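First chain A sits with chain B, and in the next complex the same chain sits with chain C.
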Partner chain A sequence: MKKHVLAVILWVSAVAAGLVLPACQPQSGGSLGGAFGVRELGEGRQEIVDGVGRRFLLVPEGKSALPGYPPTQIITIPVKRVGAGLPYDIGAMRYLGVLSDSLVGVIRREDRWASADVRAGIRSGKIAYLGEPNGIDYERLRVVSPDVMLTSDKRLLPKLDELKIPAIITTTPMAMTIEERLQYFYFLAALFGREEMAKQYEAVIQAKLAEVKKQTTSVSRKPKVIWGDIYQKRVLVEPMNSYVAQLVEVAGGDYLFDDVRGASCLEITLERFFSSGLQADIFFTYRSPAVGIDSKQKLITENPRLADIKPFKTGLVYCPQPHFYESLERLDDIIVEIAAILHPQLYQGYELQFFQKLD
Partner chain B sequence: MNLTTLSPRDRLWLFIAFGAAVVAAMMLNTVIGSVPISLSELWSIIGHGSDSANADILWKIRLPRVIAAVLGGAMLAVSGMLLQIFFRNPIVGPFVLGISSGATLLVAMVMLSTLSLGFTGVSPHLNTLAALIGAYGTMTIILLITANIKSGVTLLIIGLMMGYLNGAVTSILVAFAEREKVKQFVLWQFGSFSGLSWQELFVLLGLGGLLLIGVYTLSKPLNAFLLGEEYALSMGVNIKLFRFLIVLVACALAGLVTAAAGPVAFIGLAVPHMARLSLKTSDARLLIPGALLLGAAITSLCDLVARQIFSPVEVPISAITACFGAPIVIGLLLKRKTSL
Partner chain C sequence: MVNLARRIWNFLCNLDLAVILLLAVSLNLLVGYFYFNAYPSVFRPLTYMMLPEWMRSLALANLAITWWFFTFLFFMIALGVNSFVCTTDKIAKIITNYACYPNGLRFMIRLSPHLIHYAVLIILVGHLTLVTVGMNYQHNILRLDSQVSLPGSPYHLQLQKLEVRYYDKNAMISYQGRAIDATADITVADGNGQTEIIRLRFNRPCWYEGYALHLDEFLPTSRESKRQEPYVELTVRTGPGIKIFLAGILLFIIGITFYLLQFTRIRKTREQTI
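The block that comes next holds the complex of A and B.
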């Protein structure tokens, strides 16, 4: 009997530990040894680590591979034909100057992309449509056979291995902080031999961060900001270790969900959202006209219990414009825009490019 | 049913313990939350009223959730108990007849296609209404079938098939939906007692309360039914009407909870076992109130864990009910060393 009780106690403890431990993991950004790491191996060869810790050997054309890597984790660089599924992969490729020449296939239909160049590419047939995130068209993917497939979906790996198409996971189980996003640029640049562009990108972003920080330190009061999504009966918020929360802090804002940590938008209790919402001056939400939310009233209709929060009464509500998600390469401009929203007195005459105000 | 019995006195103590657990769980849920409210302030808000933010949090958000968890748990547990007796099958839960999948299908139709249908100005109760229609639509089909089929096993299989059919259409809708809408739908599928309005709660309380009282009046025929349909018939039970009533009440209870909170797993399946094993009886007159109280207490405590374990981040309540409830049921079974 004691054995049985012990077994049940152990089971309960294991379950509790399973729930607790992932949340206790550090949620820091990437480093050279972790996700999106890049390591020089000599003679132009490099080792990169993707978002889920898989190591890839990058071998310059004409050079031999090193032992110890599976065939689908050896990539000849510079990569010339890429398939992609995530909006920020597209933005990064655009900045690196390889989008028009290298993008040969995308996941998601033409009308679900905001970038004119991607849409035009799909229309003209230059960029192949490879299916939807929950239903990849493997036959078409095989026909296109990109040198590398950039994806967020680990479930694709066995089939892509079978098709001998190297697949790189460009999301991480951790939050994508600003630092990690910069590191991700180096990682992607290594595939195309565009390391100098990544360096340039980091310099531009760091300079802009410093400039905005300096400009907004003079303000007497930091506007209180919340960032999340309201659904019927439920709310999701961006954790404090997300890059958007970091951007708010850099832009001289006070991000109110400073006790929420996690990898992406998380569901929090309605009462916690309400409590912070009563103090917030500005509410950023991903719910936008693209998904039928074109006013504050629509958000209130979704969740009437939140009608009394300050952004709905006297404050401001902003949502991203459709191309925001495909504009990672313009992070410097996005930082300025957030600062302009938070401190309009410092950026008089500024016209919104990435966000729109919901009235 | 090889059950050693408890004395009436022991059972009384058990019922007092179950009742105390419900009260304690409700009090804990009221006092503890992601926004701290001191006991003195809580007392002041309840006793004297207040216009403060914490008063809004207590009255508009926390208390409806506390009551919904208690009610929902009680209703799911009783629904599961009824169906386990009806099918004489211990692994049957309230959603086995396709109630949950019916609700899910209609919610999917509303959530994943509102934009294309032009219902962008959705009412906040549209999802609840859709879930209710889905659950009761499936229930109506099941009831029509029940009227023509005698075998419980056949009905069980038809219920499972209904579930597959509903699931198939739902998956097609998901496959064609936009990511943002799928996110919203997945959130609903997690199930939660968060965000219920007082109106929804009054519906749950009114209809659910009536159904629960109605169930108790079925206790005697349920006991007769446990001993076989022939025996029940010899005791004067109208089998056809009785089968119809059991399925109607069980589905109606589960459908109401699903409409209000989304699918909440495990409670309807496991709590009846817990009640049966702790009360050591198969007498429906004891099992129904036992399951009701245990369902209320366990669901309430699970809801507390779901919202506090990583506070203010919420964990799906079904994850908590399954993680902590399943080992308890296994423990009870091992302790008894008997079949159900």
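The block that comes next holds the complex of A and C.
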């Protein structure tokens, strides 16, 4: 009887392990569907899904649309005029080689952009200033009349519908993973007919992820890392499903908010923050000299409670440089930089490009 | 033919089968847990897409990842049929023996656990209907200054007024000044110039001409963001699922009421014995 029970348990375990094993090595990139999914519909038509699950029909010039899509969710490709509000949309367009020709309008003033090409474009009038996130200049938007508006702000949808401008949401309700970042490139590339560039991008990033992972597996100790910010009343951190947390893990770090899952910059309790903060070796904060924080002391002055966590006593604190947010197309270099911060002994002589140390 | 039907009935009306199916469902869910976490981009859309649409566009295209969902559906349906047959079989016997019960109350008390089983099945069917039949329209953004059409209808919606209630200074520091609840007054206009105002709150959806309107998000969410343009985001659903679901809940309440009544009767009997 015991033998039979053992046999059944072994059989069930073997079957379960066999079934689960493929899930332990998830595919990355490409288009599985879901947020930023791309689906071929034949005759060059494609269906893309934006960050919040809205479906758009992409129709090649001269071809007819298919039924079932609202007019503002039908886009003629390749897209020639784009308005954008998010720094990483700009970065991705730059990688795809369409920034200089296609970007016709941005949200945010010239001095709030770090990229020289965007600033020059705004100055020369080639790129129109469309207002601020909380105050869009709809009149100007109507005049500029982009083929597509890339935005994170759902509030714009009814107004853009009125103006008959398709609005694509390029943020997701949950923090974006590396997989979604790669998928996002395929999604954006479909608008411009640059699928080959997206494939190339995925290959570069995958290769770099593998290389850094290989390089950092030999380290004897994984530095403990936290990524977030503490404000007067709130604590916001990057969850374990965010691409930055995944990058830390790939770069041979131990991400301490590995039980926190959800939206980007997710709110957690002060106690939870401190329980990890007391152990962390490295603290990444989004507060930088751009908002007046250029030293650990300034952060402590703003929030004295930070003085108690380990990175402020014996560890390290880093913040992004202004162009970081507009450089996410350089994810391969960012991975290396995070690895160099975590394991300086492996990357001697490395000079920081995207982050800066707060002393 | 009758013999075959009886054999099938007897096969389905089997407790061993129920145990096997429960184990299969558990194992299936365990396997699914790993796939669900490994491929969030494939499964996350289930929260906003209808099941047939998800199956067509995502599940069938990624069968190597989603196969467990189909087996799970199969096991759940089999378990549902098994429970239905077992419960019906038992109820038939109780009804046949109606004369043996001293009164209607005793009869209902005996029937009550089986009514609860039926109720759970109806609730499950309601859920399945909810995600299968009808429509689920997301991201309906309403503002004070523009109208949005209610999908597939002649109605237009516009935000009339948004009242937000905030935590006061007696709340925990991190909550002070943040929104607790919002009440949105929405104008519904038909094509003939007739308007009506409906009121929505969190957990207080509204039925309107066969549409279920749910408040999803709103702004301002704190006193600090009060200067930003207010808006509400609605999810609009149609379909019979909710009604089936509510019917299941009603039956569940009836079942549980009679089920609990037996305890008062047991206590009374004990007291009388003492």
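Definition applied: the second predicted complex is superposed on the first by the 325 of 359 C-alpha atoms of A that agree within 3 Å, B and C clash if a C-alpha of one lies under 4 Å from a C-alpha of the other, contacts with A are read in each partner's own complex, and residues count from 1 in each chain.
Keep in mind that, in the parts below, contacts are C-beta pairs under 8 Å (C-beta built on N, C-alpha and C of every residue); 3 or more make two chains touch, one makes a residue touch a chain.
Everything quoted here is computed from the prediction, not taken from an experiment.
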Touching partner for A:V143 - first (chain B), second (chain C), both, neither: neither
First (chain B), second (chain C), both or neither touched by A:G37: second
First (chain B), second (chain C), both or neither touched by A:Y286: first
Which superposed partner A:L270 touches (first chain B, second chain C, both, neither): both
A:K154 touches, of chain B and chain C: first, second, both or neither? second
Touched partner set for A:A307, first chain B, second chain C, both or neither: neither
Which of chain B and chain C A:K233 touches, first, second, both or neither: both
Touched partner set for A:N134, first chain B, second chain C, both or neither: both
Footprint overlap on chain A, where chain B in one structure and chain C in the other make contact: 12, 15-16, 19-20, 23, 134, 233-234, 267, 269-270
In the complex with chain C, residue positions of chain A that touch it: 12, 15-16, 19-20, 22-24, 26-27, 32-37, 39, 47, 49, 52-54, 134, 154-155, 157-159, 161-162, 174, 177, 179-180, 183, 233-235, 241, 267, 269-270
Of chain B, residues touching chain A in the complex: 33-35, 53, 56-57, 60-62, 114-115, 120-124, 127, 174-175, 178-181, 184, 187-188, 190, 192, 194-197, 307, 309-315, 319, 323-324, 327-328, 330-331, 334-335
Partner chain B, residues of chain A touching it in the complex: 1, 4-5, 8, 11-12, 15-16, 19-20, 23, 112, 132-135, 231-234, 236, 259-260, 262, 266-272, 274-275, 278, 286-287, 290-292, 298, 301-305, 308
Chain C residues touching chain A - in the complex, by the definition given at the top: 27, 30-31, 34-35, 37-45, 48-49, 57-58, 61-62, 64-65, 68, 138-139, 141-143, 146-148, 173-174, 176-177, 217, 219, 227-229, 231, 233
